[in-house]
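Both complexes below contain chain A, partnered by chain B and then by chain C.
Moving on to the complex of A and B:
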């Protein structure tokens, strides 16, 4: 039994859905991930429109200088700080800073990690050995301590803080990508590409990398949360950005850490800002991980 | 197995050597330098030169590194410029404090995390399961220092139940044969000091243990879910074994391998968390030692502290790898 050509022309084939379409389908059905999206959208909107939403300027003296500044209430939604600045305003502008810090430092870590990881994974041999031993070395120092050391050397400018936090993340990305590439390197499609004479660089960039990148994307999302917390932690140990006017959440919190009894709102609100933004990022990251690899339940 | 352990121990040497070079370069790269740190305002070209000569800093770098290595190998990490104490003495005094805190935090995380994750998996999809998922996600999103401050505010400032700073009240007298205060109190039979030391330990341990708790609970849940669907669990049930025995002997035991992996990884990360927790509770451990060293530009302490931190980190990771083999006979190290 066979079908005629006319019948065959009428048969419609559904295009097979790709990895990303499938992943998006699963992501959409994950309520936790959607909560994450909402949190992050709020966070991003706050960052973009800080100047429009905020009732004051971040460094404007909006109320009296006070050792025990007023808490939430009246025209100051989240209260005032000791310099009489509006806490709500500063938290809004802090979102800009945290977003910037997260994006830049993860980009630094990702870029360096991608280059080193793919070189190690693709070239193998001595290059692999050399790169991975340096990565091992970096991983043998606790992350925050490495960041502390780097900031101590490079100074407390915003740029060097972002660099330090980014560099700490390099080994994680490099290892992940290398492992992923090693898994792909011997795959049939790579052999096929090589055998038809695709040059090595294009095999790596055009074939292996796109197939190895999924776990790296998940990690990059989660690393944003780590970066935000790490910068706040640096501020907390007194190695935050040295410009006192910058409304960095960690620094706002740290400056008032020993005044819990008198003005808890100065610690509570910046802290909650950190918690909600990192929670949002973590929810999205987890959602992505489950969407990309449904076999993983963690 | 023994061959594996020996090989891993040997592999530690290049790592430690690399680390010592890293730390050495780090200290050389610090702005200022020890002469200026020592002299402060009184620094002038001549006095800087004198101090550099006395400290051997006028020598070529490779000569300096060689001497530094020799000193480190013979256990000499130099002396603190601030307290004039040998760095090794400082480390010996501070290290037990950090270890005590970390062990307490890990206890908290394991004792709560494993049962929580196990119950969540058994009630998969139920309210308890979802609640524990949310709780653990919040747990990993809270910065350690923020949680520490909240705990301090609630239980110490507001309720006044627990002390906020240090390891022991000033009113307590305690001898320190080991510098582990809990052990010291038990060994010397000093029960009021034991109670006091435990009270000081509660809040820092909870603060430091919360992130590991969240992670241990999640991994236990995931691993239990995996094992619950295994054939051998169904077989055990089918042949009529007591469900409690199945849970204990077949499910929990097999679910523990990934949990142990994570506990090991977390132990390393605890050291990072300890730096922050110690700051909040003025806990006289390694973390506060290193931070003070940065603040006062105490290079010898900083250098020794970071090196020591890293050594502990490397050793902990090695112990974790070795413990796998004991837990899972399927893993054979060669």
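Moving on to the complex of A and C:
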């Protein structure tokens, strides 16, 4: 291979390969984000392999019924609950539930938010006004309160909780995307696309949206954490899934809150599970934001 | 029949504060293979005219009068679906800033094939092959390898070449270039202009070149329209216009540009004042407040374009510049090619 060929190969190797590759480069160098990744990988693995890792069944009575159940140690890594069920097992299976709830409710919020935000931002005028005033209305009610109201209307159950938490997030996504689209709508490349005959729908979906989506992706990540917390909170106030067997973290907290002084482990471990999973997601979200936001580029 | 005939085109912008009369009755014809220049300073309505022709004005703008005849079709008032079939296929446009006119998150191959598959009966593979041929034609080395690159991996001049490749992709009959070289440095400017000239000849396209750079017009255009405050105030063959400008504004423009053949000590002579606000135009010549030749008549009545010195040189002025005041005339320097 001649020198020029070698150089050419070198050059093409070093060539940055686009927005997301650049973003990943920056993301990798952020230690906090990497911690987030580790936490989340543990969380996801726990969810996927819960059945394999867990020493017991989530509803198996592994020890005696007790008002003061045994704490961590021995056979039961994180102790037993009052029904004699293994806490570690239930937390593992809870991860599954939390992951599901987070993904589904964020997907619901994201899907509705994307549609409404795109319409408002791209069409503008009255459509924009109508959509955004409804969003403002939703934002004027505290999120959890709105979720409680929605669950009350739709009835208890896992599905309605996920829907409620998702709907509460719609305005955030819609506003974010609308703002982002407004910034892109008058961009030169949009005019250029129109000048070659690209129809309006394609301009929005093929040109504007890919340029506006980055902050929404960051928000979606952060919203996962909010969703997990909100579902836990709904469970805590008694609007959780009404099946008592479901190992929902927020529900585990609620059931044992009055046992806090006697059996700390019943409250501490589900609480820690919530804290670390949401912390991990938040760290990733912040890392993503820094990696994608061109204004923070170094 | 001319390829494109713009007749009394009027464009207004309706904003909350005021109505801006951006283009006030411009007319011109473009023949096949002709190169036409539109010159004027910022905000005189050059770009707006072009956007109006293609029906891609910003939301607040509207064509309020006139016709744009392409063949026997009037582009004004045509449905967007029909216009979309013409845009990019029969009439294509190149924009000023190649740094922002390409979509930053799409690979250029994708942006080019989008145009091709949209207007021509091509599948993805054919379009890719054609895109490579086009990039090659506008002088991008290793065209095949660069289809997968993003715009930020190209230099400004290269990006403008990509824009040109996209514009000529469907063999348009008319190419509108809106300040195609303004954002580029001088050596690249010359390359891009040469490329455009070459393509116009090869394809037999009509070219409308919009610019504020008199040097660019002189180098490229056969005919030139000078625009001021939304109107054409002088139009003629470029050479004639540069040698014997009859409108005081055209003369002022020429005087405010440095010349290679001028004496070294000679000072540039800018036009005093600034253009009128397009929200409050009154009867009378819009240039009158800045014009040394202005009379009562100039301020009272708006002059229309009328022939002066033959049928091809028109000027909208009550008191055209007298011969004695022409600075370098007659010059032996070739103004146009």
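The rule we apply is simple: the second predicted complex is superposed on the first by the 277 of 298 C-alpha atoms of A that agree within 3 Å, B and C clash if a C-alpha of one lies under 4 Å from a C-alpha of the other, contacts with A are read in each partner's own complex, and residues count from 1 in each chain.
Convention: a residue touches a chain if its C-beta (ideal position, glycine included) is under 8 Å from a C-beta of that chain, and two chains touch if they have at least 3 such contacts.
Fair warning: this is a prediction, and the values are worked out from it, not measured in the lab.
Participant: Could you classify chain B and chain C on chain A, in the superposed arrangement, as clash or fit?
Facilitator: Chain B/chain C on chain A - fit side by side.
Participant: Given the touch rule stated above, what does A:124 touch, chain B (first), chain C (second), both, or neither?
Facilitator: second
Participant: Tell me which partner A:236 touches in the superposition: chain B (first), chain C (second), both or neither.
Facilitator: First partner only.
Participant: Between chain B (first) and chain C (second), which, if any, makes contact with A:192: first, second, both or neither?
Facilitator: In the superposed model, A:192 contacts chain C only, not chain B.
Participant: Calculate the angle at chain A, using C-alpha centres, between the directions toward chain B and chain C; round to the nearest 10 degrees.
Facilitator: With chain A as the vertex, the angle is 100 degrees.
Participant: For A:210, is the partner it touches chain B (first), chain C (second), both, or none of the two (neither)?
Facilitator: After superposing on A, A:210 lies in contact with chain C but is clear of chain B.
Participant: Quick one: classify A:55 as touching chain B (first), chain C (second), both or neither.
Facilitator: Touch status of A:55: no partner.
Participant: Return the chain, chain B or chain C, that is in touch with more residues of chain A.
Facilitator: Result: the larger residue contact count on chain A belongs to B.
Participant: In the overlaid three-chain picture, which partner chain does A:183 touch, first (chain B) or second (chain C), both, or neither?
Facilitator: neither
Participant: Of the two partner chains, chain B (first) and chain C (second), which one does A:32 touch, if any: first, second, both, or neither?
Facilitator: first
Participant: Rounded to whole Å, what minimum CA distance do you find between chain B and chain C in the overlaid structures?
Facilitator: Value for chain B versus chain C, nearest C-alpha atoms: 14 Å.
Participant: Considering only the defined contacts, which chain C positions touch chain A in the complex?
Facilitator: 51, 54, 56, 58-59, 80-81, 83-89, 92-93, 95-97, 100-107, 114-115, 118-119, 145, 149-150, 153, 163, 166-167
Participant: So in the complex, which bits of chain A are touching chain C?
Facilitator: Checking each residue of chain A against chain C gives 12, 15-16, 18-19, 124, 186-189, 191-200, 206-207, 210-211.
Participant: Please name which positions on chain A make contact with chain B in the complex.
Facilitator: 32, 133, 136-137, 140-145, 148-149, 152-153, 155, 225, 229, 232-233, 236-239, 250, 253-254, 257, 260-261, 264, 267-268, 271, 274-275, 278-279, 282-283, 286, 297-298
Participant: Contact residues on chain B for chain A in the complex?
Facilitator: 14-15, 18-19, 22, 26, 29-31, 133-134, 137-138, 140-146, 149-150, 152-153, 157, 218-219, 222, 225-226, 268-269, 271-272, 275-276, 279-280, 290-291, 294-295, 306, 309-310, 313-314, 317
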